[in-house]
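Each of the two complexes below includes subunit A, the first together with subunit B, the second together with subunit C.
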Partner chain A sequence: MQGVAEIVLLPLFGAITIGMFKGLMPKKLPGIWASLLVGISFLISIAEALKLSRLPVHHRFLTGAVFPLITGFGPAIHWRYYLDPLSGLWLLVITGVGMLIHVYSIGYMHDDPHKARYFSYLNFFVFAMLLLVLAGNLLILLIGWALVGLASYLLIGFWYQRPSAVRAAKKAFVMNTVGDVGILLGLTLLYVHYHTVSYPGLFRIFDHQTPSAFFEWTAFLLYVGAMAKSAQFPLHMWLVDAMEGPTPVSALIHAATMVTAGVYLMARLYPLLRLAPDVAYLVAAIGAFMTIFAASSAIFQRDIKKVLAFSTVSQLGYMMLGVGVGAFSAGVFHFMMHAFFKALLFLGAGSVIHALSGEQDMNRMGGLWRKMPWTTWSFLAATLAISGIPPFSGYFSKEAVLGETYNLGHPILWVVGAVAAGLTSFYMFRLFFLTFFGKPRDASLYEHAHEAPWIMTVPVVILGVFATFGGFLKNWVNQWLAPTFSLYRGAPHAAMESGPIWTTIFTVGLAVIAFFIAYALYIRKSTATNAASESGPGRWMYRAWYMDTVWTYLAVVPFQKIGNAVMQAETGILATVKGIGTVVWDWGEDLRPLETGYVRRYALSMMVGVGALLVYYLIRV
Partner chain B sequence: MVLVWLLAIPLIGSFVVLFSGDRAAKGVAVGFGLIEIIAFVVLLAHGPADINVPWIPEWGVRFHLGADGLSLFLIGLTAVMTVMALFASSKTYRRSYFFWILFLEFGMAGVFESLDLMLFYVFWEVILIPIFFLLTGYSGSRGRPAAMKWLIMNLVGSLFMLIGIVAVAVLHTQPFGALTFEISQLTHVPMSAAVAPWVFASFFLAFAIKAPLWPFHGWMPDAYSDAPAPVTSLLAGVMSKAGIYGFLRIMLPIFMPQMRQYQTGLLIFAAIGLLYGAFMALRQKDMKMASAYASLSHMGMMALGVFSLTEAGILGATFLMVAHGLIIGGLFVVLGFAEERTKTREIGAMGGLNDDAPRLAAYFLFFALAALGLPGLPGFVGEYLIIQGLVAHDVVFAVIAGIVLIVAAWYMIRLFQGVMQSVRKGPRILDLTAMQVGYIGTLALLVLLLGVWPAGITSHAAPTLYHAVHLLATKGGASS
Partner chain C sequence: MSATSTMLPEYVILGTLLIAMLGIMVSRAHSTLPSWIGLLGTIGGLWATADLWSRHLKPVLLFNQSLSVDNYSLFVDFLVMIAAGSTILLGWQGEREHDEFPVLVLLSALGMMTLGMSANLITLFLGVEILSLPLYILAASHRDPLGGEAGLKYFLLGAFSSGILLFGLALIYGATGSMTFTDFATAVSSNSPILAAGLMLALVGILFKLAIVPFHMWVPDVYEGSPDAVTSFMAFGTKVGAAVILLRFLAYGFYLSPDAWGPLLGYLALLTMIVGNLVALTQTNLKRLFGYSGIGHAGFLLIGVAVHSVVGARAMLFYLLPYGLAVIGAFAIITMISNGEKNVTIHDLEGLAHKKPWAAALFIVFMLSFAGIPLTGGFIGKFYLLQAALFAHQPGLAVGLVVGTFLGLGAYLRPLQAMFRHESNEQALAGWNVNWAQIVVLVVAVVGTIGLGVYPTPVVHMVNQSANFFWLH
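And now, the complex of A and B:
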C-alpha cells in the first residue's frame, strides 16, 4: 500500500503544485520538478517490483482496499489497488519511459511560454495512467481510463489557438467517451450479476463458469473501451489527428503508454476472454486487420508524424492480435518493445521538427544525417527494430506475436500480420531515407538545422540502447509474466514460443525486400513523394481509406439531423406553452373588473376550492 | 430545534436585508447565508432530526419537519448554493433582490424539510413568489414573459397537486378513519382503478413541471437563460431538485403500485427527455441556453433512476440530485463570470478567453467536465448508479443513457472550446478576482470531495431509501 500510494500520488502532487504555483516558479523549475517526481516514482516502482518478485509464485500480487468509494446497497466498492507482474510491467514502462520523455520535454518545450501548464498536464497524465494500471477493480480502472483521456484531450489541445488542435482534441475526447461508456456498461453488467467488480473477486467466479452469450456481451462492451483507447477499427481516426499535440506528448501518450491501455485491459481480463471466445477472436481479427489497414495508410503520408501515427495504430494491431489469440505474454512483450522504439521514433522526429523550426513535411527534409548524427543513428536503431530486423528488439516481439498466431491455429491472421510487417519495413525506411538521407530538399531549412541539445539527445540515445538490445529481455519477460497468467484459468498458451522457422524467414525476408525497394525508390532514384498519392489506390491510402468521411456521414450528419428535428419539436412545445399562457392571461384580463390586484390569483384559488370540492364528492359517491 | 433554525435564519435574514441599506444588503445577506451553513453543519453533526407538532388539528395537518438521508444533503445543497449565488450576485442590485434570494432559500429549505403534505404544499407555493419577482425584476428583455410562463405553468401544476393532496388524505380516511397529511402514514391508501390515475397524474404533473421534465419545460429556456446567472444557478441547481425530490419523497411511498403499472411509460418519457435535452444542448448558440438544455437532459437522467424502481437507480438519483446541484449551479456561476466580462452569451462571439483569463477557463473546464459526467467527479457516480439500476431493470434504457453520455461529452466540450479556446474575437478581459476564486474554488473542492468520496453521502442516504425500496419489494411484488 505504502509504496503503491506514493508511486501514484507523487506525479499528482507535481501536477497540483505546478498548476497552482506556476506563477511563482522560476522558468526552468516546472520541467525539472515534474521530471524529478516521475523519476522518484520510477525508483519506487523498481523497489515495488523487487518486492513483488520475492512473493511466492502462486500468490504474486499485492492488493487492498484504501477507503470506500460507494457504499449503501449491496457490497461496497472501494478504492482498491492491485499490483501484480502484469501491472508491474506497465508501471515500469510508464514511469521509466515517462521520465525520459519528461526530461526530453525540458529541451523541446524550452521556448514555449506555457511550458509550466505543459508539465502540469504531463504529470497529471502519468498520475492517471498509473491509477489506471494499479486499479484493483473495474470502476477505479474506469476512473483512470477517463482521466488519461482527459490528459490526452488537454495535451492534444495544448496549443488551443489552433483551430485544428481544438478540433482534434474534441474528436479524441468524444471518441474516447464512446469507449468509456462501453466499459461502464460492461462493468455494470458484471456488478449486477456477480456483485463485485474487483479483479480477484470476478476472476475467482469466472474460474467456475462456462462460455455464454452473457460473457460475450460483457467482453464485447469492455472491448469497445479497449477499441477506443487503443485505436482499433472503427474508432481509430482520433489517434492520427492527435498528432496536433506537442511531439513528446505523441511519444508518451499516443504511442508508448496510454494507447496501450486497451491491450492492458484485454490482457488483464484474460479469464473473461476464455468465457467469450468469439470476442477474443474478434480482438485478434480486428488487430490483424489493423496491422495492414494502418500500414497501408502510412505508406503515402507526407507528414512525418502522421506516418508514425499510422504506424502506432498498426503496431497496436499486433499487440491486440497477440492478446486476442491467447499469446498474452507476446502481446505484452510487444507493448514493452514498442514503448522503447516508438517513443524513440517520436522523440527523434521531435528533434528533427525542432531542428527545422516546426517543419513536419518530409518533402522539405532530406540529408539531415550530417547535421544530426546522434538522432540519425538512434533513429536507425528504432527503424530496424520496428521493421523486425534481427537482432533488434522489435524482431523478437513481433516474431513472438506472429509465431504464436501461427502456432495457435490462425494461419490467415498470420499471413495478414506478416505482410503488414513487410509494409512496415517499407514505410519506415521510406521515412528514414526521406528524412535523413538523399539531397536536402529545402536548402534554407537544411542550413539552419542543428543537432538537438544534450537534454534531448540523451533520452533518445538511452531509448536507442533499449530499442537495440531490448529483445534480449524476452526470457525475463516470459518468466516475469508467468505468475499472472497462471493464477486463473484462461491463458494456457500465454508464454512466448517461436513459430516454425520458415515463418520467421518469410517475415524477415519480406522486411528485407521492402527495405531494398525503399532504398531503390527513395535513395537511388530519389523519387518525388507526392505523385503516387494523388490518384488511384494511392489516393485512397493517403486519405486513410476515407474513414473520416465515413464517420461524418454515418455519425455526425445523422446526429445533426436529429438535432434539427428536436429543434423543430421544441419550437412546437414553446408555441403551445405561449398559447396556453395567452388563454390564461385573457381569462385574467376578463376577470379584472371584478377585483383589482391579483385577479388571476383569485381566479385560480377559486378553482382550487371548486376542484377540491368536486373531487371530494366524486369520491364520496 | 436546528430544523426550525434552518427555516428561521433565512427568513429573519430576508427581513433584516429589507431594512438595511442597499449598499449593505449583499454583505448582510451573505452573512445570513453563512450562518445557515453553520446551522447545517450542526444538523449534520447531530444526525437525523425530527420535529412534529399539531398545526391545524381539525384537519389533521401537522407541522412536521425532518431531515433524513434523503433530505439532509438537499438541505445542505440549498445552504451552499444560496451562499454561492449571493457571493456571485452583483453588489449593485437593490436590497429587494437579496431579500428574494433569502426568501427563496427559506422556501426551498421548507420543501426539503416538510414531512406533512399540507406543509409541503405551503412551501411549494412559497417558492413561486421569489422566483417570479427575481425573473421580472432582474432579468433581461425576456424576463417578464418568462416569469409569466413560470407562474402560470407552476400554478396549474400545484393546483392539481392540491386537489391530489386532498384526494389522497380523504381516500385515506375511508379505511383508517382520522384525516392526516402525514406522508409516512399515507402509504397504503386504497385507490380504485378509476381514481388512481388521476390522483397520480395530479402529483406527477406538479413535479414534472417544477423539475422540469420534458415536455413540461416550456417555462425553462427563457427563464434559465435570461435570469441573472446567480438566480439561474439556484433554479437549475436547487429548485429543480424539488421536482425529483417530490417523486422520491411523495410518489414512491404513496403511488408505488401505480409507478409499477406505468413504469415502462414513465421510463420512455424520461428517456425522451434525456435525449431531447442532450440534442438541444448540442445545437444551441447561446451558452446559457446550452447549459439549460443540458440540465433538462440531466433531469431526465435522474427521473430514469427513480423510475427504474431499483435500489441502485433510486440511490443514484438521490446522489445525482446533490451532485448535479453543485455542478450545474457552479457551471452557471462560471457562465455568469464569462457573460459579465464579455457582455454576450453567444458562443460564436466569444472564443479564446483562455488567453486573458486562464483561471476562469480552468474553472469553466472543471465544471464542464463534472457536468458531462467525467469519472472521478460526482456526476459520474450518480450516473453510474442509475445505469446500474437500469441494467438491472431493462438494458435498453441503460444503452440510451450511455448514448446520452457520449452526446454530453460532445456538447460540453463544444461549449468549453467555443467559449474558451481558439482565437479571441473581442477586447481583452480580466481574469477572476481573488474573491471569485475563493468561493468558486471552494465549490470546486466540494465537488471534488464528493467525486472521490461519494460514500459520504451514499452511506447516509441508503438506509432512508431502504424504506422506500422495502415498499418496492412488498407492495410491488404483488402487482408484478
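And now, the complex of A and C:
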C-alpha cells in the first residue's frame, strides 16, 4: 500500500522541488533529479507488480484508501488506489518509458534556458498520468484526467514565445475539456444511480445488469472523454498540433501517457461496455475509421513530426478497435508495443531535428544514415515494428487486434484495418527513406549533422531493443492480463488469439508491397518529397480531409458568435451590477463616520460573511 | 451547596469592582489605590476559584438553568483572572491610565466569567454585552485621535454584531420555544430553516468577538488605537470569553447536528488561519502584527470547536493558556518600549538584543511560543490541536494548521531579526521604562510559557477535567 502512494508522489515531489528551488539548483540538476525520481518510481512499480503477481488469480488486485481527501467537509472522498494487472502494465510503461524520455530530455533540452521549468512540468505530467491510472474510483480518475490535460497544456505551450505553440496548447486544452465534461457527466449519472464511483463497487453491480439505454448513455459520455484524450474522431485535431511542444514531450504524450488514457479507460470499463453494445461497436468503428483516416493523411505530410503524429492517431485507432470489439488484451498489448516503437520514433526524430538544428521539414533531410548510425538503425527497427513486419513487435500486436476483429465477426472493420496497415508501411518507409537515405537535399544542414550525444542515443537504443523483441512478450501479457478480464463479466474474448492464416498473409503482404512501392518511389526514382501533393486527392489528404476547416465552420465560428453575444449580455449585466454596487457604496459612504475610517468596509465584510453563511445554510437545509 | 458559595469567584470580582469604585471616590486623582484593590480582587478571585476546584464539585445549574458552574467554568475563571490581573499590572502607571481603568477591566472580566458559565441565551447575550461595553470605553480611553477612532470603530461594529447575535438568538428561541441550550437539540428537528438561520446569525455574533475571518476587520485598527494594556486584555480575555461560549453553545445546544456547523467552522478556521498569519507577515506595527497573529490564533482555536470531539475541546481549552501567556508577556515588553507614549513598530526593536539582552531573550521566548516551537507551551497546544484534527479525520484542518504555523513563523521572525540588528536608530528604546508590575507579568508569563512546554501534565489534567462537560448534555 505504501509503495503505491510513493509511485505517484515521487514525480509530484520532483515537480514541486524543481519548481520551488529551480533558482538554487545547478544547471544540470533538474534533469538528473527528475529522471532519478521517475526511475525510483519505476523500480517501485516493478516491486509492486511482483507483489501483484504473487496474489491468487481470482483476487489479483491491490486496493485501499491512501488518504481521505475530504472528510467532514461534506461527503467523504477518498483517494482510493486500485492496482491490478491492467493498471500495473500501464504503470510499468509510464514510469519505464517515461524515465527513458526524461533521460533523453537531459540531452535534448541541454541548451534551453528554461529547462528547470521543463523538467518540473515533465515530472508533473508523469504524476498526473500515474494518478489517473492508479485511481480506484472514477472521481480520482477524473482528477488525474484533468491534471493530465493541464500538464499537456503547459508542455505543448512550453515555448510560449511561439504563437503557434500557444494556439496548439489552447486547442488541446479545449478539446480535452470537452472530454472532461463527458467523464464528469458519465460519472455523475453512475453516482446518482448507484451511489458509488469505485471500480469494484460499480463492476459488481454491473455483473447483475442487462443492457439498457441508461448504460448506453453512460458509456457514451465516458467514451467522449476517451475520445478527447485518445484523439478519436471528432475530437482528434489537437493531437497533430500538439507537436508544437518540444519533441520529447511529443514522445511522452504520444507514447507513454495521455493519449493512451482513453484506451485505458475503455479497457478498464469493460464490464460497462458489455452493457452498452452499441457504444462498444461505435468505439470499434471509429477506431477503424481513425486507422485509415490518419494513415491517408500521413502520406503527403512533409513535416517529420506531423507524419508521426498522424501515425499515432492511426495506431490509437487500432487500440480502440481492439477494445471495441472485445479483444481487450490485444488492444492493451498494442498499446504496450506502440509505447516502445512510438517513443523510439519520436526520440529518433528528435535526434534528427537536434542534429539539423531544429529543421523538421523532410524536404531538407536525406542521407543521414552515414552521420547518425545509431539513430538510423534504431529508427529502422521502430519503422519495421509500426509497419507490422514480422518478427518485430508491432507485427504481433497488430495481428492480434486484426485477427480477433475478424474472428469476432467484424470483417468490414478488419478490411479497413488491414488496408490501413498497408498504408502505414508506405508512409513510414517514405519517412524513413526521405530522412535517412537518398542524397542529402540540403548540403549545409547535412554538413553540420552529427550523431546525438550518448545520453540521447542510449534511451533510443534501449527502446530499439524493445521495439524489436517486444513481440515475444505476447504470451506473458496474455497471462498477465487474464485475471483482470476474468474478474467480472464482459470480456469472454479478452485473450489474444490469432485469426486465420490467410488474413495474416494478406496484411503482411500489403505491408511488404507498400514497402517496395516506397522503396521504388523514394530510393530508386528519388521522387520529390512534395510529389503529387498538389493533386486533388493529395491536397485533400494533406489537409487531413479538411476536418479542421469543417470544425472551424461547425464549431468554432458559431461558438465565437455565441461567445460575443454572451459577452454583450455580460457587459449589460456587469453594468447593472456596477450600478447596484455604486448605490451600496454610496450608502457605505454615508456610514463612514471617521476621516480614515473604513468602518463601512468592515461592516460590508461582515455582511458578506453573513450572506455567505446564509447561502451555505440555505443550500444545506 | 448554595449559589453564593459556588459562584464565589464571580462575587469576589463583583465585590472588588464595587470597592474599587468607592476607592476612586475617596482617593485623589491618579492614585494607585483602585489598581491595588483590583489586583487584590483578582488574587482573591484566583484563590476562590482554586478553592472551589479543589472541592471536586458536581456541576450545578443555577438561576433557573441559566448558569452552569462546573470545572469548565472554573477553568475559564482561572484564565480570566490571569488576563485581568496581568492587564491591571500592565496598566499600573496611574498617571497614564485613568482611575476607572481597573474597574472597567474587572467589569469586562465579569462578562467573560459569565460567558464561561452561561447555559442559556439570556446569559449568553448578557455575558457578551458585559464583556464588550467596558472594552468600548477602554479602547477609547486615550484621548488621541487613534484612541477615539479605535473606540468608535469597535463600538459601531460591536453594536452591529450584537444586533446580528440578538437576532439569531431570537430566531433560535422562536424555533425552539426555549432559552436553555440543552433544549435546542431535542426541541425541533435540526433542519428547520429558522433554527438554521438563527444558529448562523448567532455564530456570526460570537465569531465576531473571536475575530474570525471575515468578521475580523476591526481587530488591527482597534488593537492599534487602544492602550497597550487594553490591547493585551482584548487579545487574551476576549478570545477566552468568545471561544468558551462558542464551545459550550454548540456542544450543549447543537450536539445532535454537528454537520450543520462543524464543516462550516472548519472552513472558517482554515480561512482564518491562513489569512491572519499571511497578513501578519507584512505588518510593521507590532500591535497590528499581534492583532493579525491573534486572528490566526483564533483560527487555530476554532479547529478545536470544528472537530466536535472531546479531544478538540481539550485542545482548544489548553491552547488558550499558552496563547494568553505569550500575549501578556509580549505586551509587557511592548509597554516597556512604548512607555505608553507611542505605537511600537519593528524599527523600535532594533538593537534590543544588544542593549537589553534579558528583555530580548524573554521576547524571543514569547515569539517562539506564538510560533509553536518545541519547549514552549505554544508547541504543545498546537500539537494537541493537530492531534484533534487528525483524530477527527480532517487532514484539511491539519494541513491548514501547519501552513498557518509556518506563515506565522515568518511573521514572528521579523521582529526577532530587527532585535539583532546592530545599527539601531536614535529613537529606538528612547522611552525605555520598567516598573515592578511589568516584571511580575513577565515572570508569570515566562514561567508559564516554558513550564507548559516542558511539563504540561498538571494543566492537561485540569483541561481534561474541565472538558468533561462535553458529555453532560
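What to note about this one:
Following the convention adopted for this analysis, the second predicted complex is superposed on the first by the 552 of 621 C-alpha atoms of A that agree within 3 Å, B and C clash if a C-alpha of one lies under 4 Å from a C-alpha of the other, contacts with A are read in each partner's own complex, and residues count from 1 in each chain.
Everything below uses one rule, namely that a contact is a pair of C-beta atoms (placed from the backbone, for glycine too) under 8 Å apart; a residue touches a chain by one contact, two chains touch by 3 or more.
Since the structure is predicted, the reported quantities are computational estimates derived from the model, not experimental observations.
Contacts of A:V178 after superposition: subunit B is touched, whereas subunit C is not reached. In the superposed three-chain model, the partner touching more residues of subunit A is B, compared with the other of subunit B and subunit C. When the shared chain is aligned, no partner comes close enough to touch A:M20: not subunit B, not subunit C.
Residue contacts after overlaying the shared chain place A:I562 against subunit B, while subunit C stays out of touching range. Judged by the touch definition given at the top, the superposed model places A:I412 against neither subunit B nor subunit C. Of the two partner chains placed by the overlay, neither subunit B nor subunit C lies in contact with A:V550. The contact surfaces that subunit B and subunit C form on subunit A in the two complexes overlap at residues 67-68, 70-74, 608, 612, 616, 618. Residues 149, 152-153, 156-157, 160-161, 164, 191-193, 196-197, 199-201, 203-204, 208, 214-215, 217-218, 221, 259-260, 262-264, 266-267, 307, 392-396 of subunit C touch subunit A in their complex.
Interface of subunit B with subunit A (complex): residues 145, 148-149, 152-153, 155-156, 159-160, 162-163, 166-167, 170-171, 195, 215, 217-219, 221, 276, 279-280, 282-283, 311-312, 315, 352, 354-355, 369, 372, 374-376, 380-381, 384-385, 387-388, 391-392, 395, 398-399, 402-403, 405-407, 409-410, 413-414, 417, 420-423, 453-455, 458-459, 461-462, 465-466, 469. The touching residues of subunit A, counted against subunit B in their complex, run 67-74, 76, 139, 142-143, 145-147, 150, 153, 157, 160-161, 163, 166, 169-170, 173-174, 177-178, 180-181, 184-185, 188-189, 191-192, 559-560, 562-564, 566-567, 569-570, 573-574, 576-578, 580-581, 584-585, 604, 607-608, 611-612, 615-616, 618-619.
Residues of subunit A that touch subunit C in their complex: 67-68, 70-74, 593-594, 596-599, 601-603, 605-606, 608-610, 612-614, 616-618, 620-621.
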